[in-house]
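Okay, got some structures for you below.
Both of the next two complexes hold chain A, though its partner changes from chain B to chain C.
Presenting the complex of A and B:
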């Protein structure tokens, strides 16, 4: 397939932004993530792939402690952000999440205007000093999320009135506006048409210049197109992790091979 | 008694109809339910409903029509002098019915045989005395005409009851026979049964609506009577409320409206923040265990009768406010005050607001919370900026409904705020509301033609319009903004 071409992109740094060691996640008695250790690189895009229910979202949510909000969820192991344990008592999960932003699997715009949706993060974190700056942040974030042209005339309209794909891009703009250091995206393109998908992929590629991006995707082509590193999850295990090129052309584990070629999943 | 018996018989016929209908459908399909259009039980229901519904309908009509027909028949036996004037007729008929009921009671109690009751003559017995001995008190001595009318009444009623029984049972059986006749494998029994169910559902809502219409109608017609006797403008714009049954009343409604609004305002100032904060705590912060305890405890308040709240206002809150606020501040020394009633009604409304708001806040989707936490907002930022705005329309609805409850509250106002209609800004002064005055004007020995009494209906319909307006507004708000997170 023509889409299957693998872009030869070099990883710009080899420095790990997030280091996870022996992470276990339990939902009550269910062991959802087993012994996962992985290094997520700075200024690179990492793709998480794997069959539905294998724990991609769960592991992603560990990285900014969103699992704290689920009462039955228990996380064990070490997760370091810039060498600092994010589960340390001295780390405020709220500040952590400002640094590690997240876009969810289902679009969840706030019942506010489009403008206020995007301005939400900068406002609560005091990132801007005046209205003009805020306007600028909102505009640039919407542009990055490839939504600006569609909504620039109706910024005061409610965000919930947008189409599903527009809502998802609004949520991306909202996450980008906070300028996180790491951006976690859980299937950001599942509701988007090919054009918007291409735009979001372009955005991800741009973001890579400054941020570390982790993206969960069910599309092998997308993983191949945008990521430098790929992690393949299966039944809560991290089966294989490595350069995207290697994973897609020369996987070590037979499970990876059969998933990529469409035999499991 | 016979009506009850008749209903039991109908139920038995319907039950038989169910069994027969089901069996017949199966028999016609050669015992193979797959050949039937609907499940076998639907044919049973169909037969049961076909025998029950027309019969019950007929019975209801009969029960309504019978007294009218009997009355007409009995009237003909009375001398023309007693029936000429409608009021006199009404009184005589009341006597006749009472006497007939008395004879019934005597026969049922065994003090008289059926024969004795129908042979009774005023010429030979003091009927009033005789009935008094068996425990039936009659107002005046029984005349010959009334007694014979009562006997006639009993006889006709008994006949009618017998015919009713026969006809209704006949209709039920015919219905059953019809149902069995049409029961064929290709009869759409399921659709027919569901149509009947739909009809029942519609009937239920129609009854509710008709009741409302009836209430409005009675309020309205009496109010029209009132405004015939008392000028419209003086009622709506009068500043004085001083009804006087000897005439010369001033029935200005503004002092009452003011009292109502003032008390409602104070109660909302108490109830909205407390109820809302309690709801936010319960919905967003409280752990499961705390919630399991605190929520029912708050809701206990809702189960306390308002008269008990009235006592609390009268004995505790009123004197407390007077001794610690009103007197030291020089604002009067009244035990009952707008403040007392307002605060107590506010407390009454806390669980109403908190439990409605709690449900509304809980129904804000978790994904919105996640979205907010996911970009690093704290819990309180999330509550303030995402959850409350999302829940606001619903909360507004709850608040407005609580307001209309406060407007309609009577007992607490009577006991907490007194009954003096006044236009004053001082919250420590006794004032009163429309509801209290409605009760006040209608209780006691009153003349239902005087404007002083009829004003209650005018107040009632005004109150109704106000609360209706509030409720409609509340519904409108909820409807308009509900779709936001869908």
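Presenting the complex of A and C:
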């Protein structure tokens, strides 16, 4: 009867894509992330949940060195992508961010056309040889982000002229266009309507066939729906990390239970 | 456990749990009354039990609807989810037990028209009392979230199985000795079997308590008393 069970939760591989060990993050004197060690699996969706200010976004931003851009931010510990230290001086953050793409909470399209927003990454990283290939990447990325049908007749229009939800999907298309190995999503659906949210969730599920996806979300139900692994952060600590099914039906730590069942905020 | 931030969630959960406890009380009373009606040949009491089953059924429907509402509106997780699932399963088990009590009352009304079978109604009533104490212990274990008590209820199911097997043998003997008792003994046997089934539901509720607290059902098979070749279920 095994084949009758819900199989969509199965993780195809147990190979870690990103390995974090004893990560500490300080904003000036504030200790924002305390001793976080976690293995982010390849070809799986990992959800970071936790109350506001618990450090989940900060930790997410460590994974592609976005915290480098904040002067008072100091990161310690080891973060390995495929076994290589991403904080090594020889690592070019720009190259790293092509491999580890990111979608932010607020849509932030470039002040360019819809087409150029998506084409930007493949162009600067030299991922395409000619216009035809670029057209193809733009089209498939916009389709993956469930935006193609709405914008295919106005690709030359400015990206900033789209609605909020459309802009967010444009940013997802932009992130997907460089074929990243890891996609970090910081509250990608907070500005989207339920239909667009469902489309993005469907996209996340498709992406995990090839990528490792990490999503920060405030929606418990979204974390439960899209992820295979869930990490619960609280006050800068990684409280519990495990299979999403376990976290949502029978968590080990009482703090996890309190949070997911709406008892602490 | 602390309160929910949304206090209406707590009120919803408390409401469905109060309903299932009320239902448990009604079922216990129905079983005891039905067994008493059988022994005392009290037609009025038997009729009351028959008529009372509608209230139990209505409560079950209310509980299932309310649980569905909680799932839809509150998306319960972890212990909250297990509480809702447990309440739904308990309501189903209690509804079924209520049906058995009603059936007992119906059969006792038939039996009142026949000549009494020596000692049988008393034995049936003792068995009903044992099962009801099991059922109420299972419900107490639920209220107290007491896994040890639930495990004990689960172990005690053997007792009822043994009583059923003894009655089975007794009725068989009566029927062999005097074929005129066959009709009455058949009814009495169904009654005994139904009470034994209520015991199984009490065990099921105890297992739900273990699931509610531990997050998983007990893995081992529960002890079974099955020395009698003829009584296979």
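Heads up, the rule we're going with is that the second predicted complex is superposed on the first by the 257 of 265 C-alpha atoms of A that agree within 3 Å, B and C clash if a C-alpha of one lies under 4 Å from a C-alpha of the other, contacts with A are read in each partner's own complex, and residues count from 1 in each chain.
The working rule: a residue touches a chain if its C-beta (ideal position, glycine included) is under 8 Å from a C-beta of that chain, and two chains touch if they have at least 3 such contacts.
Small disclaimer: the values here were computed from a predicted structure and weren't measured.
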Would chain B and chain C fit next to each other on chain A once aligned, or clash? fit
With both structures superposed on the shared chain, find the angle between the C-alpha centres of chain B and chain C as seen from the C-alpha centre of chain A, to the nearest 10 degrees. 130
Just chain B (first), just chain C (second), both, or neither: which does A:224 touch? second
Just to be sure I read the superposition right, which of the two partners does A:111 touch: chain B = first, chain C = second, or both, or neither? first
Is A:75 in contact with chain B, with chain C, with both, or with neither (first, second, both, neither)? neither
Chain B or chain C, by number of chain A residues touched: B
With both complexes overlaid on chain A, does A:258 touch chain B (first), chain C (second), both or neither? second
Does chain B (first) or chain C (second) touch A:160, or do both, or does neither? first
Please indicate which partner A:250 is in contact with in the superposed arrangement: first for chain B, second for chain C, both, or neither. second
Touch check for A:95: first (chain B), second (chain C), both, or neither? first
In the superposition on the shared chain, how near does any CA atom of chain B get to one of chain C? Answer in angstrom. 34
Which parts of chain A are touched by chain B and by chain C alike? none
Chain A - residues contacting chain B, complex: 64, 66, 69, 71, 94-99, 101-104, 106, 108-112, 120-121, 124-125, 158, 160, 171, 174-175, 178, 180
Would you pull the chain A residues touching chain C in the complex into a rising list? 220-221, 224, 248-251, 256-258, 260-265
Per the touch rule, the chain B residues reaching chain A in their complex are 288, 365, 367-378, 381, 385-386, 389-390, 484-486
List of chain C residues in touch with chain A within their complex: 1-6, 9, 74-82, 215-216
